[in-house]
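Look at the two complexes coming up: chain A is in both, with chain B in one and chain C in the other.
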Partner chain A sequence: MSEVLSQEVAAGRSGAARVMTSRGAIMWYLVLAVLVLLSLVVPGFASPRTAGFLLLDVIPILMIALPMTLVIITAEIDLSVASTAGLTSAVMGVLWAGGMNIYLVLLICLIVGLLAGAFNGIMITAVGLPSLAVTIGTLALFRGLALVVIGDNAVANFPRELTTWATSKIGATGIPVFMVIVLVLIAIFAVVLHLTPFGRGLFAMGFSKEAAEFVGIDVGRSKFYLFVATGLVSSMAGIFWTLRYSSARSDNASGLELAVIAAVLLGGVSIFGGRGSVPGAVAGVLMIGIINYALRLQRISDVVLIIVTGTLLIASVVGPSIFEWMRKVRHDRRVHRDLTNPAKSSTSPAS
Partner chain B sequence: MNRVWSVLRWREFPVAFALVALIIVTYSVNPAFLAAQGVKDLMLNATILVILAAGQTLVLVTENVDLSVGSVLGLTAYSVGVLFAVFPGIPIIAVFIIAILLGGVLGAINGLLVSVAKVPALVITLGTLYIYRGINNAWAGGKQYFAGDRPEAFGDLSVQTILGIPLITLIALVILAIVAIYLAGTRSGRDLYAIGSDSDAAKLYGVPVTKRIFSVFVANGLLAGLAGVLYASRFNSVGATTGDGIELQVVAAAVVGGVAISGGVGTVVGAALGGLLLTTITSSLTAMRVDKFWQQAVVGVLILSAVVIDRVSSLRTTRRLRVSEARNV
Partner chain C sequence: MALMRNARRILAATAATTALALLAAGCTTPAAPAPSASGAASSSAPAADRSITFIPKQLNNPYTDVVLGGGKTGAQAAGFAKSNVVGPLEASASSQVSFINAETQAGTNVIVIAANDPDAVCPALEEARTGGAKIVAFDSDTNPKCRDLFVSQVVAKDVALIQVEIISEQIGGSGEIAILSATANATNQNEWIKFMEAELKDNPKYKDIKLVAKVYGDDDDTKSFQEAQGLMQAYPNLKGIISPTTVGIAATARYLSKSKYKGKVALTGLGLPNEMRAFVKDGTVTEFALWDPAQLGYVAAFAGKALLDGTMTGKEGDKFTAGDMGERTVGANGVVIVGPPTRFNKDNIDKYNF
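Our next item is the complex of A and B:
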């Protein structure tokens, strides 16, 4: 990393140029290229219907991907997000069926998400357990609580105005109204990560927890906030899911955690921590959503399409490794040549 | 007194204790729980999870994880169905070999990607989880093969018993013993612990880290292949969704059994006990007439307690080591 930085400094790249050639930016170029290509090749792709269905499908993944990006940048992980969404959905169904005011129900749902996230946060930061182990546990626990709450019932009769609102579009653009909330969330997380000291601290602790502590970052507290935020956003995704399909069930959103993580990693967030961006993660989510949608238009079934998700995920992590390896081979060869032929290297400027 | 303490400090003690306590409590509430049929069901239910947990232990000990086992199990179980349907007279042993080898190939792909790309196994096997499941979906479509499509002798493996133990459970026990002895007693098995504790140190010491990690994934694939065959023998239908989501149960079983997710610690016996505990909970909740919906929440609590116990014991070890090192100076 430091090598890359020094090269960039040496080449005199300004801030703007660095942003334009970052991994996140490259993902956006790819997304745009794929969009243009598909509009030309696939009949019926470039239409408001596409925007509507595509965005409705990716909204839950997109929402959870935002806090997940921050969590993974600090070199932690949260596998319990889909279970939190499922628990929220179950609570929502039972309270609504019990006759409570719907807005009070929604408020309680958000509190459920906060508490779920806070529980993860306490186990990870205060007790000091590995996040992978804790959230595998809460993945089972929260989904289990969802089952305890609602069993194998389904609640469907949510207020008509809310369910139609969840799927309504902005005018003739086909863009769901709910995207406004998602855009606000994207803006909040992007600003927090990229423009605040708190966000820079997250990168620092992803590189080295000890070093971050040493320069005065409260690692425990920052991570606690992140897990609480993840819980809260997951419950929002659960509420959206319930309203969109107009059905509260214990198995809502199950398996979503893997789709979220796949999209975030595809967007250039490093699983080792310390690297990644919110725009990149958003592009990763859109990339998977767009390709899946286009293939679905070709009548390729959903269940087969997960091959695409898997391949993209592996390619996105193996690709850079191979690139790195090739650069190392080239570098070694150059060093070898310079060493065996010192006369030539002495004339070249010291690097 | 010392001996009592050493048993209490035994890493597998909490899970063994929980298992015995669970069985005693359930038996006192409902004696039918330990009738011959009940015990047989307990063993049958645990068999597949125990094999997968043993394989996963090998992977976890090296500080890796294999999330693709559910998809590998699905593919191999479905291929068993296809083999019997396409070649009606095929010998059962040939089916075993082909399916296990298929599992090994899928595991080798995981191993190759993990050891070549130097990317955390979590990411790679998450990818192959999707890819293998997608291939299974594309191959099977909506088709399912039922027990009636397979020879009776094959299904009998999970019906007939020797000394009250079902045949597939016997197979699992033999495999378990082999893997346990390998991990605890052979040089390359001990290497895995060294890799999981500190892979750089292991490399300096001369352990062929890349090769060991590759072979661990192959071994886990072979075991998942075996689990797939046994699944096809035990359960009525195999199709596109066979084994979906079992990977988290497998990791849970290992963690509950004292295998640390951060590598370097844990035994195959512990993981097997963990698997047995998880499947026994389901049966005993039914036997005690507890709402079946509580089962998964209980599993979650178990995993979390196992992780906390692990943390407490490792803190205690660290303190003891620090004291003894201080005295040595």
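Our next item is the complex of A and C:
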């Protein structure tokens, strides 16, 4: 992450004010403000336990949010992520119960993720189907396969050193060791999206697929890679989920796709494509995680919790649109005034 | 323009990284004041500050509400200063873990839990125990190594047998039956089903009864309703359904009462009298079974108190007093039994209100 930072600082030249007021930056100010507020208001919130429990809760969402950000920026979507994680978990359970070496099992799990992603990718890019339709299909398909693989069983006896490792913390900081892997992933996805021609191509695709093709971007291949990456990261999340709860079951991580997409949108990634950032998405995930955690610590019912999450999401999607609309209204009114009253408009530039 | 946008992104990333560092710092610095981290939640907690938290499989489940009502009464009678109920909206395997974590952090003295998955909750419960909390499982057990005690309503085998007995009476001892359960991984459901299958196979009285299907309504009303509908379509010769879950039996009864199978296909299982009253009176259901769920919560609260007082440790042979319900003894594997199941039919259902 610090490497990224120094590169970016070196490349940065101007427009500091605008960057500090970008959507991603605003999200981070909000996250910090909420953290400070909750530390003051909620008893017991400001503790290393919070860091540990909170991050363990958000890690799977955080991981999948990274490739999801890139996918949504290209104006596509992947709803099959949670099912891929569930399928991975099921495969992991069955292979381990069958006596295979655990590291070989993990490798196969990652391959399962790759294949699941590649399947989505082929259907979307080569066959040319809309990603929404394809991944609704694979959402059901992969979950179904998970049921076929492991059935009603649960496998729980994973090697203790691995399950302990998955929930272990870095010293006394309370931060899970697994966060190191997540930070590396964040750095990779941030660099790819914001500092490479490939990443710029993704924004271009999101704005206009035709224009992107016209300037020589291989839209199909780029999208294929994105879906493969999403599958791979989803299987990593599935492995983490299985180890964290030390339970491999077919219903693991179900419903996670909506949590991921909600967080990504809250982080300022436009569902219409072409706009968004990795830091923003990370802030979105943390925001939802922090608020949920604090409400739970206060023993506020989950009913309230989902209402809060839903309201936040609506506000984050509707907010910018209203802002945009108000700007347009003001602009139209000014144009209208200038046209109907040219005498007055001649003096207006000065004011 | 492109430069500007680039610069914006760069600064956003800078801000993000700084913020992440701050987040990490913010979480780590104020370590000292956290009350829960100090291990204050030990068995020597003064009576005035004692807290107990119930974590059911899911909230907004009528059966659970009755259990929790009994739990509240029990917690008050046992002298807990605070009793809380927290839990997930969905009965999925790992959904309870973050609630256990929050209780650990809040320094709760006794956690009473009905596990959705016996193993998934284990690491979190172990962490809570390290922090000094006593763990009582109720309704649905966790892995025995991560709780102090399991309060079971009834002997699992009795519950299974009474349901088989009732269905056999109603279908005249022969024909096809099906089971409509809750989630496929529910510990209690699967134990009952196992005993039912064994009884059907081994008891010569039931040799003409054939179990043709097991379906799962996930304790979701709509899904259970659809599964009941599906059963009737898939097995036209079906003579009876056992639904050992209150959500399942109510949904199935609702489907049957409006269909041509009303009164022809027998339905029994575990139901709440208040939910089943209408179906018993209109002839959809003749007889079903259950215990008084409120007693479950009540006994669990007193078990928690005894563990906290240190008057028992949860090993076999330990005894504790469960308020008005008298003395209970801990059996093998740290299991405490509350009482035998009751049969409900049109003659006695009006005597019960839960």
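Quick notes
The rule we apply is simple: the second predicted complex is superposed on the first by the 331 of 351 C-alpha atoms of A that agree within 3 Å, B and C clash if a C-alpha of one lies under 4 Å from a C-alpha of the other, contacts with A are read in each partner's own complex, and residues count from 1 in each chain.
Throughout what follows, a contact is a pair of C-beta atoms (placed from the backbone, for glycine too) under 8 Å apart; a residue touches a chain by one contact, two chains touch by 3 or more.
Quick caveat: nothing in here was measured; it's all calculated off a predicted structure.
Partners chain B and chain C, once the complexes are superposed on chain A, run into each other and clash. In the superposed model, A:Gly255 lies in contact with both chain B and chain C. Within the superposed three-chain model, A:Leu129 lies in touch with chain B and out of touch with chain C [touch as defined at top]. Within the superposed three-chain model, A:Ser39 lies in touch with chain C and out of touch with chain B [touch as defined at top]. Legend: residue contacts after superposition of the two complexes on their common chain; A:Pro159 is shown touching neither chain B nor chain C.
In the superposition on chain A, the chain among chain B and chain C reaching more residues of chain A is C. By the touch criterion stated above, A:Ile314 is placed in contact with chain B alone, chain C being left untouched. Of the two partner chains placed around the shared chain by superposition, chain B and chain C are both touched by A:Ile306. After overlaying the two complexes on the shared chain, residue contacts for A:Gly280 are found with chain C alone; chain B is out of touch. Note on the chain A alignment: of 5-13, 41-49, 59-67 or 77-85, the part of chain C that runs into chain B is 59-67. Residues 151-152, 254-255, 301, 303, 306 of chain A contact both chain B in one complex and chain C in the other.
By the touch criterion given at the top, residues 113, 116-120, 122-124, 126-131, 133-135, 137-138, 240, 245, 248, 251-252, 255, 261-262, 291, 293-301, 303-304, 307-308, 311 of chain B touch chain A in their complex. Put simply, chain A touches chain C in their complex at residues 1-2, 4-5, 8-9, 11-16, 18-20, 22-25, 28-29, 31-32, 35-36, 39, 43-44, 46-51, 53, 56-57, 151-152, 154, 156, 163, 167, 172-175, 190, 194, 241, 244-247, 249, 251-252, 254-255, 277-280, 282-283, 286, 292-293, 296-297, 299, 301-303, 306.
Looking at the complex, you find that chain A touches chain B at residues 77, 123, 127-130, 132-134, 136-145, 147-148, 151-152, 254-255, 258, 261-262, 265, 271-272, 301, 303-311, 313-314, 317-318, 321-322. The touching residues of chain C, counted against chain A in their complex, run 3-4, 6-17, 19-20, 22-24, 26-28, 30-31, 33-37, 53, 59-60, 84, 86-90, 92-94, 97-99, 101-102, 104-107, 117-120, 122-123, 143, 183-185, 190.
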